[in-house]
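You will see chain A twice below: alongside chain B first, and alongside chain C after that.
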Partner chain A sequence: MTPLLALLRKEAYHIRRDRRTLAVVLALPVVQVLLFGSAIRTDVKQARLAIVDQAPDEATLVLRNRFAASDAFRIVEVTPRTSDLDRLFRMGKAQAGVVLPVGFAGDLDDGAGASVLIVVDATDPNIGSVLHAYAEAVIRGFERERPTGRRPVQIAATTRMRFNPTRESSNLFVPGLMAFVLTILATLMTAISLTREKESGTIEALLVSPLRPWSIIVGKVFPYLVIGAVAALLIIVEARLVFHVPLRGSVVLLAAEAVLFILASLALGILVSTRTSSQRVAMMMAMAGTMLPNVLLSGFIFPIESMPLPLQVLAKAVPGQWFVTLARGIMLKGIGLEYLWKETLILGAMAAVLLAASAAAFRPRLE
Partner chain B sequence: MSGPSKSGPTAPAIEAVELTRRFGAFTAVDRITFEVRHGEVFGFLGANGAGKTTAIRMLTGLLTPSGGTARVAGHDVYTEGEAIKRSIGYMSQRFSLYEDLSPRENARLYGGIYDLTTTEIRERTSTLLARLGLEAVASRPVRELPLGWRQKLALSVALLHRPSIVFLDEPTSGVDPVTRRQFWELIYEAAASGTTVLVTTHYMDEAEYCDRLSIMVAGRISAIGTPAELKRQHGVSSIDDLFVRLARPA
Partner chain C sequence: MRRALYLAHAELLHVVRDRATLMQVLLVPLIQILILANAATFEIRETSLWIVDLDRTSASRALVNRFAASGHFDIVGTTPSLEAANDSLLRGDTTLALVIPDNFEAQLVRTRRSEVELVVNAEKGAAAGIVQSYAATILGTYAAELAGPAPPAPRIDIRHRNRYNATLNYRHYMVPGILVALVTIIGTLLTAQNIAREKEFGTLEQLNVTPITRGQFIAGKLVPFWGLGLVELALGLTLGVLVFGIPVRGSVPLLFGVAALYLLVALGIGLWISTIVDTQQQAMFVVFFIVNIYLLMSGLFTPIDSMEPWAQVLTQLNPVRHFVAISRAILVKGAGLADILQPLSILALFAVVVLTSAVLQYRKRAA
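Now for the complex of A and B:
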């Protein structure tokens, strides 16, 4: 029997004996994705809309109908007076208002163009901008269906929303969430499993044995890689069934990228365990070391492009950022390695560097 | 039994010269020089913090010395760590078995780590379980066994690959006197079969069981010899008296 095989079997025993932890480890990511995925939403449904129609005509009626038919809006009031809008906003009865000018149909027909005012409640700026975009989308739809040859409605801003035409925020969030929960899980698993061996003293028995540090690392990483891969598959299934996130690209490629990402995180956990011999401290370090960067710097919630340059540079060092890009590309855009080879190489290199660093830090000698 | 050492069978099993380990400004082990002969039960005595564990860690390759030289089973601790690891067994004061694994699984793990064949592991494990009378609990998690049984099992597992030297770091701490006696019987058995034993303890009655012993005080070896020699040289009736005298010079 080879020493490595003996180690792997031992780790499998640990995992099998501790069924409760295994259940938690596999259920936690699924539940986290479910909770976060349901809680974090920037898309809006049935937003309260007030329409100011100062002089109803055939064009304003068509546009009003389009708003009424939109799933994003629910018309709470139609009024002829602009002054009513202020009251509706203050009372919180309306989240968005659309002001249609006098002579709307005429303006459209004579080619001079018409102007429509969109007012949104920007108390929450994110929701505000989403509402704005929705309203604009409805107006664009109206404009497209006008008979050809007529001039467009005058609205300055144009917004393109590709790859997520239904503007489902879960499409954007679920790949990020996947990175978030997988990295926490993987880092915690190795960090805790190794510090537990330090606390109980069993690590010394391994260290005085002829086992090479590499064997010890592989013996730790491989079993948890299997668990991490199972968790990743569960999340992909959940994303599909619960959140209806499309999986347009290759599942195999996505799973392979997840394995690279989990490897990097497991190695990070080993590095954590070399810095402390207490399970409690290891847990804190693993959580702080994965949660913050992966919430703030992975592009999962906050777009990296809008960060100041130093943070953008820092974000490049977070493996999560690369995995989020990869997962979004594969799931939403349906693109493969021909576009993603660079990100894949970077993620793979990160996993390799972290593993090498953890093996180097995990000296056969103590202290 | 692992192969003969490079320096020939007459060389000491363990040989330390001026071995030193510093942690920053603190010198945990201060130029200790001693040798342990083949098949001997050598006691390493000292109060807590005297440097016993640090010394053992240097000899087992867990810690790099800051100075001096040492050879274990004929191999240099600086350059031949791998060869040393193959020749030794080790059991620490902190429990070295996996508590969620059964005695059989623990034995199989360590047998595997030391590259024994599957047949060797199976045969030695059943002999071991029979000798310790653990067959009935061979598949129960180790944590369910009484501490004394666990310590005896840990020692037997540390001897499974038949090392030429075994290091026992306070193996009996926290164990009741009866079990300690049984534990020492296991130690004698190992020594009788040719294994050199280096054992640390702070139970002075155990010191009397050793062939030879050294007493460490504040990182140095203050006395070394057979129990009888040491008592005669210092004119004391027990090792306990000697230890108190050395630890607190009047």
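Now for the complex of A and C:
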């Protein structure tokens, strides 16, 4: 046991002495959560609207006011020419345009019906569709203000947003950010720390020492497990204090799941390090193999349901997806193992398999 | 100048000879574009729907059929009680539960107005809002059909037009942004890593005692990476056009001109990072830290307009944001030089400031 302790001490010295890396590693989660908690949002409000009013009259003014008063839009320009829209779109000044026809009030009153054109900048198709719906709602609201002959059939829907009634983006992103930050810390730092010993040749010194291969791994990995756990804790505290993200379930369970996830990530880092002997390659592999999938395939920003089937299957193999599901379940839904046993088992199995694989792959061998 | 060229030549040989770097430059972008373009989408194809039909009349069954036939929903369960639906929501197997009350048909007949409840699993983030709008559309269409064979003509006829992306293809939006991410990662990472490596190996000191001046050294280091960045962009653009059929509506030379300017910023940031670090590990972490923040706050993944106002102001300092906007404007909207003048001048300003301060910093450190 003593050689292991000695190695642990050596790693701790390394980490403590390299203040810059340590600072980055601890600042990373705090700053990222702070920035992204406020920056990563997908709700649309106050969209930039241009109104093409070819011949202003009483009705167009009322409709314009309705747009101005709605929370969804703010009017950036009113112009008489439709041709202006393209310029505004290309410069990014407007996101949507509403074209009101000549003789709008007259058409409405004589019962012939008026025609309104909604043009959106659909470069971002998601925003484009949302803006269509918003603009249409404003116009229909305006239409309803004038009495009609026949009462329409209505099916009113009351919508309940379960688990996140205000649809607060930070509630959803914080669990995802945890997965993201923990991966960077665990996988990347382990991979780099091990390949550095290889690149500088000091791994040979470790190999001829009385240390067994597994204790080299434990000694190398344990400090990062601790750092990872501290980072996870920092994120949870910050999420509670700054963003008031609920933590409805058990903290102990969340911590345990985080440890499972960190173990899986560490094992991935070891695996990466066994496949390469240069820090640069290790980093590229760690990035391509873990960071990208954890951002893209974990359901953290983009819904997994939207992806093509092969990617959905691939997403199932990413530990991050399971951790995000677990963390959201515990934090937002307040559910425990009675609902999450399946995900926990899968994450645990992944951690076990990856650890076993990395221990097997870490053959201390001189080339 | 000759000396700088020699160094540039040496650097180029390094890149071509070193398998790892070549992989980094050629393979990673390929994977990134393929995965990113497919994974980064908010379109929802089929989402899980749980039906709680308390009414069980022909009207309620017809409504359920509308949901089933819409193509957006996959009915995973139908129960006459709420408990099972709630359980499924908690387990996360269901994204939307449609609750039809027991007086649904009776109310429709009597008052022409009825209510249903939509329970959305808001844990699913962006998907929740989209699913809700799909459901609202189905309800609206069904109500209109019930209104009778000759519904009163709406007095305002609303027509829609999606500019620039008529088919609402999300990839046309994402790929031009991903190109920027590629160029940024390659430019910043390679530069920072390369110089940090020379430091770590001590070869930087060797270079310092040669007659090469610092200006020549920096030029010799940066020129190859600058060229690589442009090659990278060409590769990515070709791939985007051939595989994803992204539009190229504006001028390609203009895009490359902007990229040439933008790369000065990216390389300058890499150079600056290399002056504050001692090892490759530190360089990677700092690059990660900065590039992560840059990418996630660039409007590439989530819209800038949705961010908090202070975060929106902050993104003005983010060079990635400006190039993402320009790339989308040129490729998708066919913008010309006049349309992108504002973000372009900001980029030019960045190039001057970043490059100058990086060079100054480099001199001070090395002196």
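Everything that follows uses one rule, which is that the second predicted complex is superposed on the first by the 247 of 367 C-alpha atoms of A that agree within 3 Å, B and C clash if a C-alpha of one lies under 4 Å from a C-alpha of the other, contacts with A are read in each partner's own complex, and residues count from 1 in each chain.
Everything below uses one rule, namely that a contact is a pair of C-beta atoms (placed from the backbone, for glycine too) under 8 Å apart; a residue touches a chain by one contact, two chains touch by 3 or more.
Just so it is clear, the model here is predicted, and its values are computed rather than measured.
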item: Chain B versus chain C as contact partner of A:Leu188, first or second or both or neither; value: second
item: Partner chain in contact with A:His132 - chain B first, chain C second, else both or neither; value: second
item: Partner chain(s) touched by A:Ala327 [first = chain B, second = chain C, both, neither]; value: neither
item: First (chain B), second (chain C), both or neither touched by A:Asp18; value: both
item: Partner chain in contact with A:Val318 - chain B first, chain C second, else both or neither; value: neither
item: Partner, of chain C and chain B, that touches more residues belonging to chain A; value: C
item: Chain B/chain C common contact set on chain A; value: 18
item: Chain C contact footprint on chain A (complex, rising order); value: 18, 20-21, 24-25, 27-28, 31-32, 35-36, 38-48, 85-87, 89-92, 95, 108, 111, 113-130, 132-133, 136, 139-140, 142-143, 146, 148-165, 167, 169, 172-173, 184, 188, 192-193, 196, 276, 278-281, 283-284, 287-288, 292-293, 296-297, 299, 301-303, 305-308, 311, 325, 328-329, 332-333, 335, 339
item: Complex contacts: residues of chain C adjacent to chain A; value: 20-21, 23-24, 28, 31-32, 35-36, 38-47, 63, 89-92, 95, 108, 112-130, 132-133, 135-136, 139-140, 142-144, 146-147, 151-166, 168-170, 172-173, 193, 197, 276-282, 284-286, 288-289, 292-293, 296-297, 301-303, 305-308, 310-311, 315, 325, 328-329, 332-336, 339-340, 342
item: Chain A-touching residues of chain B, taken from the complex the two chains share; value: 23, 57, 60-64, 81-82, 85-86, 88, 90-101, 105, 108-118, 121, 141, 158, 167
item: Residue numbers on chain A that touch chain B, as the complex places them; value: 1-3, 5-7, 9-10, 13-14, 17-18, 200-202, 204-211, 364-367
